[in-house]
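Heads up, there are several structures right after this.
Below are two complexes that have subunit A in common, paired first with subunit B and then with subunit C.
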Partner chain A sequence: MPLQVQDSGLTGPLGSLGSLGSLGRPALLAALAFALLGLTLCALGATRDRRDLAAAGVRAVVATAVFVAFATFCLLTAFFAHDFSLDYVASYSSRSLTGPYTFTALWGGMEGSLLLWTLLLTVFAAIALTRAPARRSALVAWAGAVLCGISIFFLVLLAMPANPFAELASVPADGQGLNPLLQSPGMLIHPPLLYTGFVGFSIPFAFCIAALITRRLDDSWLRATRRWTLFAWSALSIGIVLGGAWAYTELGWGGYWAWDPVENASFMPWLTATAFLHSVVIQEKRRMLKVWNVSLILLTYVLAVFGTFLTRSGILSSIHTFAEGDTGKWFLPYLGVMLLGGLALIGSRLDSLRSENRFDSLLSRESAFLANNVLFVAAGFAVLWGTVYPIVNEAFTGVRLSVVPPFFNRVFAPIGLAIVALAGIGPLISWRRMSKGTFARVARPPALAGIATMIVLAAGGVRSIGALLALGISVFTAAAIVGEFARGSRVHRRREGSAWLESLRRTLTRNRRRYGGYIVHLGIVLMVIGFSGNAFKVERSAELAPNESMTVGAYSLTYVDHSSASTPEKEINEAVIAVSRGGERIATLRPQRNFHIAQRQTQSEVAIRTTPAEDLYLVLTSFDADATIVLRSFVNPLTWWIWAGAAVMLAGMIVLLWSPAPQAVPGPVPVRVRRTEVASR
Partner chain B sequence: MTTKQVPRAARPRRLKFAIGGAVVAVAILGLISWAMGRPGSTSFYMTIAELQAEGPSGVAGAYRVNGNVVPGSLEQQGIQTSFAISDGAGRLDITTRQPLPDAFSTAYDNDPAAVEVVAEGRYDGQTLMATKVLAKCPSKFKTQA
Partner chain C sequence: MIVCALLVVAVSAVPAAAGPADVATDISNEIMSPYCDGVTLHDCPSQAALDLRAKIQRWASAGWSKERIYERLETEFGAGIRAAPPARGAGSLAWVLPGLALLAGAGAAYSFARRWAGGSADGGTTPVAMSPSERARIDADLEALRGDTQSEVGA
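Let's turn to the complex of A and B:
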């Protein structure tokens, strides 16, 4: 998919500035100085109860962010001015690299990635601290101290082992160019979004540590950081999906997720963060699960940094590994301090973290939330175990092995389906307790819809048990969620006499948090429908001379023509494939196999015909001098639903982020809330 | 969290939750160990000598071997590719019907004598029938600098 990104017009002015590369390192050192100052001021302000010192500390954090932003700007100008005296610029760009992908080069390597990480961290810290609701409290002062501490670690990395402004002794005439795989729209947004997610969790983490230190363990720290948690989680979710979309359209192996260690590294914090998003609701509504919540945010933060450690250390082999330098070893002590320090702090505050309520019944919404949490953490543990098992096993037995995708699919499919089923059950159950009879009554319609789906599909010839279960459970959950929207709208309709559409809008806007969440769930359900398509995947490869044909699934593919062309960047070889089904020509696809001259790299550009039912996915794996090709073809059913589900999820996230921050509740929530009342609140 | 403070009536409920929690924990650990034990969940790294000493692999055995492609050994017949790899101590023939990754072609075009691959598949006593061939991306980005 050779998509063109338009030049935003921003690149011209940047290029005309000349290189400010020599100012980058002084700017980073200044940022480090301000971070140290900020740490001192915030810590003094917090311990001596000096509000003026804490406020000055926050201003130092803002200064840190400004200097890191300036350093990043300097590196960008160096890229646009092709300043190859900088090792980093020479390694990840060339004279032919211009336009928007020059931004991609910024995070094309480790040093630049760490700079981007630090930039996001300091900017988020500055915004969170200056905008915190109770700006002058000890909570904010301590959070500032923690965020300064974290920033200092990354700034020291940038100053010592991972200096993006290191200079070359002799300036090369041209750079080595940016990996063409990274020159894609997906790579323009996937890494920054993932980093936004990873780094965004620093804010709730810092406020959580601050709450533990100050023993202010009511839900004020949760409320102060709720938006940040949602924001980071949304960015991470979309970042992960975009990574999958990028792999699908660029890497040419027909899939979107390979359980690669680095993919897992982004997925583990997502799982614990998702658990956290759910369990904070319990703490806000029922003042329970406090230890659990502080542990989850600690775990999420540590796993996010652990992911960076995995990619940077080269400890696991992966297509993502930068595997260079010894920056990885810096992360291990950092992670150890964070994890053990965090656990010790939680341990010393157990008395302040006691639940103010108890679970009343196994059949209650609290229990459903709890089960959801257990499953998410279990899924996270399973992924962690599969990811680190090769290291553990080699350390103890000396046998080198690798854990391959079937393990993850086997573990994850049942846990994932149980989670999806819970997303359908949860909304049906009331808080505190519910009688079995009432539950059976409300659960019957969606359950029947799910069972009917399975019967129809089985009668239609679907034999995969996994796919039947996945689709049945998806329909159950979707029906339950749609039922909730219908119930909410009916209440508004009855009470206010408004039209259906208006009632639906009111339902959504009166309780954005609840119904926004349901929209996200609906998106997940659609994605699960897409995942279940894997059970019906078909793959075929064949060698074709011009005018020869092959079949894959119901498609007949004829190699009708080919063309070759040259541009300054690459030599293009394109095959023209006529696609027909049932004797009727339905499409023409043009997969390419190109040679990128500067990088001396061969790369296939896949051609995809997408429909909601299935994708036809073609890859040229070989293109000979006599124009004989080897064509690899896939039929990927239902893949479209993954991207559609992600779009629905994004809509839900926007609703959630746009909802007002929850107000402090003076006491525990009213005892028994009836279903209709909850729906209308 | 101490039992002292729990009223009498809450105890059976708490027991229920404890049992429920234990059942879930056991089920999940069971699931993980079941999945880990199934054939195809893990593949073992071997040297060429170890693989040849081990002999033909059974149904369960998928092995991973790495080495450098022997220059001049690459042969393409339709969608089947054969080549030999060497790790200095031994030589192993590999056949695959899977397309070779782009990184393989890139490395081969740059220097046919320096293509490092990891091949995974079954060994029939003479040839490794690879279901997966990974090529180490030539890390030109750093090593040349």
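Let's turn to the complex of A and C:
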């Protein structure tokens, strides 16, 4: 097949290669063939107990990943060579698109997004299966079959309704360009991280299904996939936060989270995955909640795919559905098979999923974990219900209602605060049992810190009950976590006589999983503090001629100057705003209102002055020919703490991922033996 | 405490009274824009949306209550303009169901936990009274033991 080579006019290795677009579809078809082969070999290897067949199946999975990677490479070369004979390249790039954004155009539309999804899926599958211990051959073979099945679904989508290599009958001179909103540094990593999270859950899901099929329902599948689960969860968490940061800096409405269906689509699996990460500890330590854990990972995977269905089908309106298409109807039967098949499998294995231990007391860390799970799943349900309610309501009443922030904030906030409170209560309770008196003693200092915070804030003029509760609970939880670090460090200091800092380091490194988790909790507490700032948000909008002023909060904003410039991509209109507080000039901000030529679209570039106390956020909503502007300004208190909390969370995730895999915990010890041991001490 | 101080400073700098502009902001956050698909009026950047916000602000300045403004908007644009289901009639289901789900989940978890705890293999131990010094010593030993055990198990 002849290669289509376009004059790219670009430098760099990808541009100089020319377009390999014509090789993309054959590569995808080869990947599909290898995925089918992998499914057959893995299933045969598993059912006939043939390790050689299973190993050949794993090699087929690796070949699938190689061909999908090559297809992705082909599409990238087409972008860099401006090969507008490909519909996808013509739709999502243009000659004026600059280097990094030519790369991000890969996931600018539905077909490319699905290609990226499939690339991640096949690469993760290849890594997980080749790294899995050979002694778990049956588990690995079935997991391979499941992963091949999932890959086949996505490869069929790419081969039929979402072909990124579809050619145009007539080749345009230039492409339509990438949506200006997607031309942001955040878009370089936000979508790949979200997809990494969504796709990453395929690995624990596949191993869970394999464990159910093989009835090997001890915690070996959990240990085999623990790092994958953590990795996927971490990627999804960072992806969600980066999405918020992108919305904050790009969308120009002064917020970071709009409870939009696309945002909810990423948040729902995050909630159930977080529940899973907690409940899995119970199974590892106490061999309990097995049914719950397999159900949670099934739910997480289904919700991840359901989110993709929501965003691809156009069934719900979204402010940032960039990758909409007609593949939605393909997802519904797939979702049905996954959900109903998974539930049927769980139902048929209930006898093997019985808990091997029992709760010793209602006041125990196990109970705290259980409560945590109930709250996370209820939160997930609340988000799901709010997301699908418009469809349900329309089906019954014919009225298409929208459900946006006011609903979600009121429904989700109480559950969210209870979760944050539990993150403080959990570490204070011991495993198995604890007396009420001891709990009251250890909970007193952080509870007093929380109450004192609320009193101080109320005395300082804070009147929002929600914010008072959020900040009080946040301080309670932070105090409980810091107390845990202090207690652990004190033990090391007593035993080893080391300095405080060294004791803290030892506390952290000797139990990275536990204290890494606490760091993540601390990060979430800081984020909640940031969210509480919303209660004090101030917004003003005004039309200003040069040298006119407006006020927002304690700031005075004067429109002192303006400038206009042109680049090949856009016409830039910039306003120069002098910012004063208390009569003193403290900053100069330059919001822009730009016209993107290729897309014929006007877009605002916000200007933000950030401090830990508050952000001053300026948006130009209009820039007239006579230089009159409409300036929308926001004072967003404590927003800085959201990003600081995310950084702390990231540090905690690194500690968690760095921690060793848990060893198998021995089964329950007969009571008689334990009593004998105690008696002999 | 640093955060509290920052918040108190930030809040004290903000004028507390809710004027017509704040009412307009509140309402525009709670209705969908008739001009932008899937976006609240507050977040819709179109000129028509800005005009509607200005109109709402004028109504608020004229002393209209929030409910009267909502009714006027519903008359003009239909019931779908509300950004949240009304807490009455069929709309109340939207608000009640998440709470019911939470209660049902909590009830089920409590019932399971109680049943499991009731059948505890170790059940029936009687707490022994101990002095504060004994309790402190045992707590310290347990904490040391817990650190060792958890680092060994990796939990």
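Note that in this section the second predicted complex is superposed on the first by the 648 of 681 C-alpha atoms of A that agree within 3 Å, B and C clash if a C-alpha of one lies under 4 Å from a C-alpha of the other, contacts with A are read in each partner's own complex, and residues count from 1 in each chain.
In this section, a contact is a pair of C-beta atoms (placed from the backbone, for glycine too) under 8 Å apart; a residue touches a chain by one contact, two chains touch by 3 or more.
Model, not experiment: these values are computed from the prediction.
Novice: Subunit B versus subunit C on the shared subunit A, clash or fit?
Specialist: They clash: once the shared chain is superposed, the two partners overlap in space.
Novice: More residues of subunit A in touch with subunit C or with subunit B?
Specialist: C
Novice: A:L471 in the overlay: touching subunit B, subunit C, both, or neither? Say first, second, both or neither.
Specialist: In the superposition, A:L471 contacts subunit C only.
Novice: Contact-wise, after the overlay, does A:R600 reach subunit B, subunit C, both or neither (first, second, both, neither)?
Specialist: first
Novice: Just checking: does A:S91 make contact with subunit B only, subunit C only, both, or neither of them? Give me first, second, both or neither.
Specialist: Touch partner of A:S91: subunit B, not subunit C.
Novice: Thinking of the overlay built on chain A, is A:V374 touched by subunit B (first), by subunit C (second), by both, or by neither?
Specialist: In the superposed model, A:V374 contacts both subunit B and subunit C.
Novice: Is A:R609 contacted by the first partner subunit B, the second partner subunit C, both or neither?
Specialist: A:R609: touches no partner chain.
Novice: So, A:R590: does it touch subunit B (first), subunit C (second), both, or neither?
Specialist: A:R590 contacts neither subunit B nor subunit C.
Novice: Between subunit B (first) and subunit C (second), which does A:R59 come into contact with in this model arrangement: first, second, both, or neither?
Specialist: Once the two structures are laid over each other on A, A:R59 reaches no partner at all.
Novice: Could you look at A:L350 and tell me whether it touches subunit B, subunit C, both or neither (first, second, both, neither)?
Specialist: Touch status of A:L350: first partner only.
Novice: In the overlay, answer first, second, both or neither for which of subunit B and subunit C A:I415 touches.
Specialist: Touch partners of A:I415: subunit B and subunit C.
Novice: Residue by residue on subunit A, keep only those touching subunit B in one complex and subunit C in the other, then list them.
Specialist: On subunit A, the overlap between the subunit B and subunit C contacts is residues 252, 319, 355, 358-362, 371, 374-375, 378, 381-382, 385, 389, 399-404, 406-407, 410-411, 415, 541, 604, 621-622, 630.
Novice: Touching subunit A in the complex: which residues of subunit C?
Specialist: Checking each residue of subunit C against subunit A gives 1, 3-4, 6-16, 21, 25, 29-30, 32, 36-40, 42-43, 45, 47, 50, 53, 78-80, 82-85, 90-91, 94-95, 97-99, 101-102, 105-106, 108-109, 112-114, 116-117, 119-123, 127, 135, 139-140, 142-144, 146-147, 150-155.
Novice: Over in the complex, which subunit A residues touch subunit C? Could you list them?
Specialist: 251-253, 255, 258, 260-261, 281, 284-285, 288, 316-319, 355, 357-362, 366-367, 370-371, 373-375, 377-378, 381-382, 385-386, 389, 393, 396-397, 399-407, 410-411, 415, 430, 432, 435, 438, 453, 456-457, 460-463, 467, 471, 475, 487-488, 491-492, 494-495, 507, 510-511, 513-514, 529, 532-533, 536, 538-541, 553-554, 604, 612-614, 621-622, 630, 635, 637-638, 641, 659-663, 665, 668, 671
Novice: Mind listing the subunit A positions that touch subunit B in their complex?
Specialist: For this pair, the touching residues of subunit A are 87, 90-92, 109, 168, 176, 179, 252, 319, 323-324, 350, 354-355, 358-362, 371, 374-375, 378, 381-382, 385, 389, 399-404, 406-407, 410-411, 414-415, 541-543, 595, 599-604, 619, 621-622, 630, 632.
Novice: Which residues of subunit B touch subunit A in their complex?
Specialist: My answer: residues 1, 6, 10, 13-14, 16-17, 20-21, 24, 28, 31-32, 34-36, 38, 40-45, 62, 64, 76, 78-79, 97-100, 102, 105-106, 109-110, 137, 139-142, 144-145.
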